[in-house]
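All chains are identified by letter, namely A, B, C and D, in their written order; residue positions are counted from 1 within each chain.
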Amino acid sequence: MKVGIVGATGFGGLELIRLLKQHPEVNEFILYSSSKKDEHIQSVYPHLNGLAEGALKAIDHEKMPEQVDFLFSSAPTGVSASLLPPLLEKGMRIIDLAGDYRLKKQGVYERWYKKEPPERKWVEKAVYGMPEYNRENIKSAQLIANPGCYPTAALLGLLPLVTKSLIDTKSIIIDAKSGISGAGAVPSSAAHFPIANDNLQIYKVNRHQHIPEIEQMLHHYSVTKDPITFNTHLVPMTRGIMNTMYATVDEGTTEREIEETFSEFAEQHPFIRLSPQGTFPCTKQVFGSNYCDIGWSFDKRTNRITTVAVIDNLMKGAAGQAVQNFNLMNGFPENTGLQASPLFP
Amino acid sequence: MKVGIVGATGFGGLELIRLLKQHPEVNEFILYSSSKKDEHIQSVYPHLNGLAEGALKAIDHEKMPEQVDFLFSSAPTGVSASLLPPLLEKGMRIIDLAGDYRLKKQGVYERWYKKEPPERKWVEKAVYGMPEYNRENIKSAQLIANPGCYPTAALLGLLPLVTKSLIDTKSIIIDAKSGISGAGAVPSSAAHFPIANDNLQIYKVNRHQHIPEIEQMLHHYSVTKDPITFNTHLVPMTRGIMNTMYATVDEGTTEREIEETFSEFAEQHPFIRLSPQGTFPCTKQVFGSNYCDIGWSFDKRTNRITTVAVIDNLMKGAAGQAVQNFNLMNGFPENTGLQASPLFP
Amino acid sequence: MKVGIVGATGFGGLELIRLLKQHPEVNEFILYSSSKKDEHIQSVYPHLNGLAEGALKAIDHEKMPEQVDFLFSSAPTGVSASLLPPLLEKGMRIIDLAGDYRLKKQGVYERWYKKEPPERKWVEKAVYGMPEYNRENIKSAQLIANPGCYPTAALLGLLPLVTKSLIDTKSIIIDAKSGISGAGAVPSSAAHFPIANDNLQIYKVNRHQHIPEIEQMLHHYSVTKDPITFNTHLVPMTRGIMNTMYATVDEGTTEREIEETFSEFAEQHPFIRLSPQGTFPCTKQVFGSNYCDIGWSFDKRTNRITTVAVIDNLMKGAAGQAVQNFNLMNGFPENTGLQASPLFP
Amino acid sequence: MKVGIVGATGFGGLELIRLLKQHPEVNEFILYSSSKKDEHIQSVYPHLNGLAEGALKAIDHEKMPEQVDFLFSSAPTGVSASLLPPLLEKGMRIIDLAGDYRLKKQGVYERWYKKEPPERKWVEKAVYGMPEYNRENIKSAQLIANPGCYPTAALLGLLPLVTKSLIDTKSIIIDAKSGISGAGAVPSSAAHFPIANDNLQIYKVNRHQHIPEIEQMLHHYSVTKDPITFNTHLVPMTRGIMNTMYATVDEGTTEREIEETFSEFAEQHPFIRLSPQGTFPCTKQVFGSNYCDIGWSFDKRTNRITTVAVIDNLMKGAAGQAVQNFNLMNGFPENTGLQASPLFP
């Protein structure tokens, strides 16, 4: 297949290149960039010396459907809304890594993103690309809204409990921590090394745009429609997300039920791993891989469960999950090109 | 004054040396070490070249009361229980940075520390050294149990709300994150650079020994005696603690009350600073200083408050608070020797 | 093939597991460990959950030749000398990642390693596993002495110039910097996170055991037998080596000759990349890959060349180069299992 | 004294605030900023909450001489040349932390800085502010050109040897490594955390503007006028410089002479410390302090000396040395306000 990547010079784009480069079903890829067209990507990113041919191409709605068989869009949120519809109209299959097509309700999108929502038509057609909860729909989708990094870790740690009604959804608190690559490739003060190094920063307290994305999925699978508490921190590391999640356990729930629930969940899905009881995952144990590792502890004193989910934000939190969706959409085994072990240490 | 430091070669001890070196009322200090006696501390820690005279002295219950006027003990938890009583019996005034004398109930100590509790007599006499809540008792104390690092940040962020009954104590969840110096000076696998770097680790989930220390103080100031949820993470940075704390706000509590409560609290105490509304502190803004910086946000959607408190774990979380207590015990202005600005970046 | 790894729980061993796991010609591997036999490696290293089967096996000279077709030994230097000969006598083909078999002169080994040298017989048979300079010998070797991490980067940056007599070997100075994984998996004070983080340490000044290894190869390819200056630093990063190397350029040497020399070198070898003129590699651009990236600058003012070579110390500096040698010894394409792009950022 | 700081919002400016805040002879300081006038510095840098009063003031050549008794200028290089002369004409005493007034030859300035050189008059009057080599001139100077960060570490490690003719100046090679705060407060790609973290970068190879500054001083103290080799690296740490320096030792020089030379040097100057023989300083052992720590090793095999000098680039490499000069210019003890111990770990 010939595959295109829009926004190739961002961190999501770089990770897609890394993955598609070793994907056995992809024999060519074309990189698109609105800002750096005609440059060679290795002149910006020398780790790609010898690994990427041809110059970055400009985005061209006419030519793209002929140039490539499939498109990944890693443009910033807000850009996809105008960029993708003409391509979709021509029948292109697209995975969008931005936030534009994730929220089904336009009002919610406007409120949290402070942007014009995209066309209703494509929002409705877009499938939320979380294979563990949407595998069949993904297979036949034309447009995938690839999940956000934090929501991926949050939902994979919470949905197994929510779908079985083991916890009180009203009590959910998610304390999320991310490596700084999550902030993207554009330099900023909060990500300036002398500021970010040896520092822990909290940001967007109670107003992160991933809140409605998490709630949308939780509400889909629960009877109640409770709001959640969700906060985000910048940890001085390059990659990795850890979500530490708290919830009150419903009366009658036993530890065995919880263990079985997570255990089954891990068995059913190739990229979910459950930490042995009494142990908890660290972010580095999934570094560079598509795994989501989950650990949990029930505290009798408070009747609360602590669930810990870790991912590599650029992998299962972005490009890795996108390739997983790509595999499903094209009938390849789900883990094609994603079997590399985590890189440790 | 002549001051002694037991456990001078640990990180708490090193920080005490740094502070007492520039303390105008301390004209001499003697360093004690059970493991490295007769060595010179600068041969272990060359940053002290030219700054510390004399060899490390062995611990000697007979000589110590004559050698020094005041003692800081930074020995590991469990050691103080046997080390300090003979010195206390001779009338020495001591600040203990370990956990031994913090918990008033022996059964609680045993359960969480899995160690023999220290003598009841001195546990009862020990004063919990948190000046913001115990200033008068500290002044006249013979033995100070210097608070733990996590409890300091937790209590300074929560007690102002609890004492005014603004939050539901049953709902308190503390998600704590610490730099790795909190693990001490002895090398370990979790603190081995290749493992700890670019990694976020969670540890002692729901079983950290600081849980009963936090609860003891919360229960002292609240009507109810609810257990809390408290978890701890190792962040790849050297110093700093951030506690992100969640609680449901009691009905009728207004944002203005909360702001006034914290605002008054900051005005009354020299080392408490309140972040301007809508902003939140990062750990680096207190690096090397004795400040505890606090920020908060009330979320109408969930009726929960998020409170963020940051400290330097070796300063307000250990040696800095110890010197603050030392000042109070000796009638010096509370901030003597502690006025240095945070080191940033 | 069935492949064995001795010393599987060290960092070199872990990296071998990662690489062999995705090597298409390896269908099984057995992990040996003297210290942790019967344990499961994933209980020590949870990033391998689901990726490594069976318990760690004890080292057994009788059984090993039957259990595996090929052996990688990643035991510490000094252990191989006694561990490997009985296996070699039985005809096993072995790649040794330790220093034991690298130095041809026993006296030199003793002087720099302060250890008994290994048996002369196997020292003589051992082939120094640097494919760029020894490809043919490697193919038919029974025992490979896999090069040290620093020597790999040093020799790949210097030998192209030395073999063409473009620089004065008497003037060579190598200023080497390494990430801390080079210190191994055993915790130590210098690698303790609070000490190593935000710190730059120099060590073994003018007495590193890699000095004679570099000199042995340089002398092999030069007329003169000059000693070199070589110093090593610990950089607060997990992986990566950068050697900054200085030498006086021989009279008559032109910049064009230098460029052509490196350019040819890069063309001839699959894992050598030359940075475009005027640019210089950083360690991160080879992270997780087997590349050695080289840049250079000639300074007319001083008549000196500065050559910069970067590698991932666990890859081209250890396990990656070992797999490259394994491929050559078994007639597989040289880059089999080593094609993954660098992981960036 | 009332002291002014121009460029208060850069990292040099922040460090000056930290130091002057605790300086017993400074009772007031005024912060000037061309870009952020009327803002409060604590709104940009919350670590200064409660520590800095009044808004940032605009630069005003008329008012400044009346507002303050002394001026530190921490504006970027190139700005001082136009900013300072009008103030100097009015008799103000100024310490300039930028590079403008360091190089005595205008042609050299132009060649390396690619900027118009400042007025000859003030270049001639400017005194190079390195107390260890210029103490008497500093005392009576009106304008101090505060040394660059790299040159400070380079010269303090080399000049003691050069002034006694112990080394061959033609052979000098300086391999310099700096923490990333040296790149300043403005975000950039090379200092973007995801790029800089876990990475070692080399930059400005053989063309750093500190080369002529180092040579100017070396040539002043040596008979010969040889060019040096000097290269710079960005280490993933916030603060700290380590210069590893190589030189061939002149015939007849003994190790004892070298030891005595450095030993005397350290005794004569309050901020120079010599590491015990056989040991070498790390950058962290001077963190936050004004010390320059020096270690050395003579290698008989190559007849070369390796000298290692470490400083905190924002302290002895910038603001600390500036305050040291300020003390000398005003007749205060040289270490006033600079006695704080290094912060370790």
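As a convention for this text, contacts are C-beta pairs under 8 Å (C-beta built on N, C-alpha and C of every residue); 3 or more make two chains touch, one makes a residue touch a chain.
Every value quoted in this text rests on a predicted model; they were computed, and no experiment measured them.
Set against the C-alpha centre of chain C, every other chain centre is closer than that of B. Two chain pairs are in question, C-D and B-C; the one with more C-beta pairs in contact is C-D. Here the spacing of chain A and chain C, counted between their Cα centres, is 36 Å.
Per-chain Cα centroids separate chain C from chain D by 38 Å. Here the CA centre of chain B is 46 Å from the CA centre of chain C.
For chain C, residues that reach two or more other chains under the stated contact definition are 11, 179, 181, 194, 197-198, 236-239, 282, 284, 287, 345. Of all residues in chain C, those touching chain A in their complex are 11, 14, 17-18, 21-22, 43, 45-51, 181, 197-198, 238-239, 273, 275-276, 279, 281-282, 284-289, 293, 339-345. Interface residues of chain B, counted against chain C in their complex, comprise 11, 179-181, 183, 185, 187-189, 191-194, 196-198, 236-238. Residues 173, 175, 177, 179, 194-195, 197-203, 205-206, 227-229, 231, 233, 235-240, 242, 244, 246, 280, 282-284, 287, 295, 297, 299, 301-302, 304, 306, 308, 310, 345 of chain D are the ones that touch chain C when the two sit in their complex.
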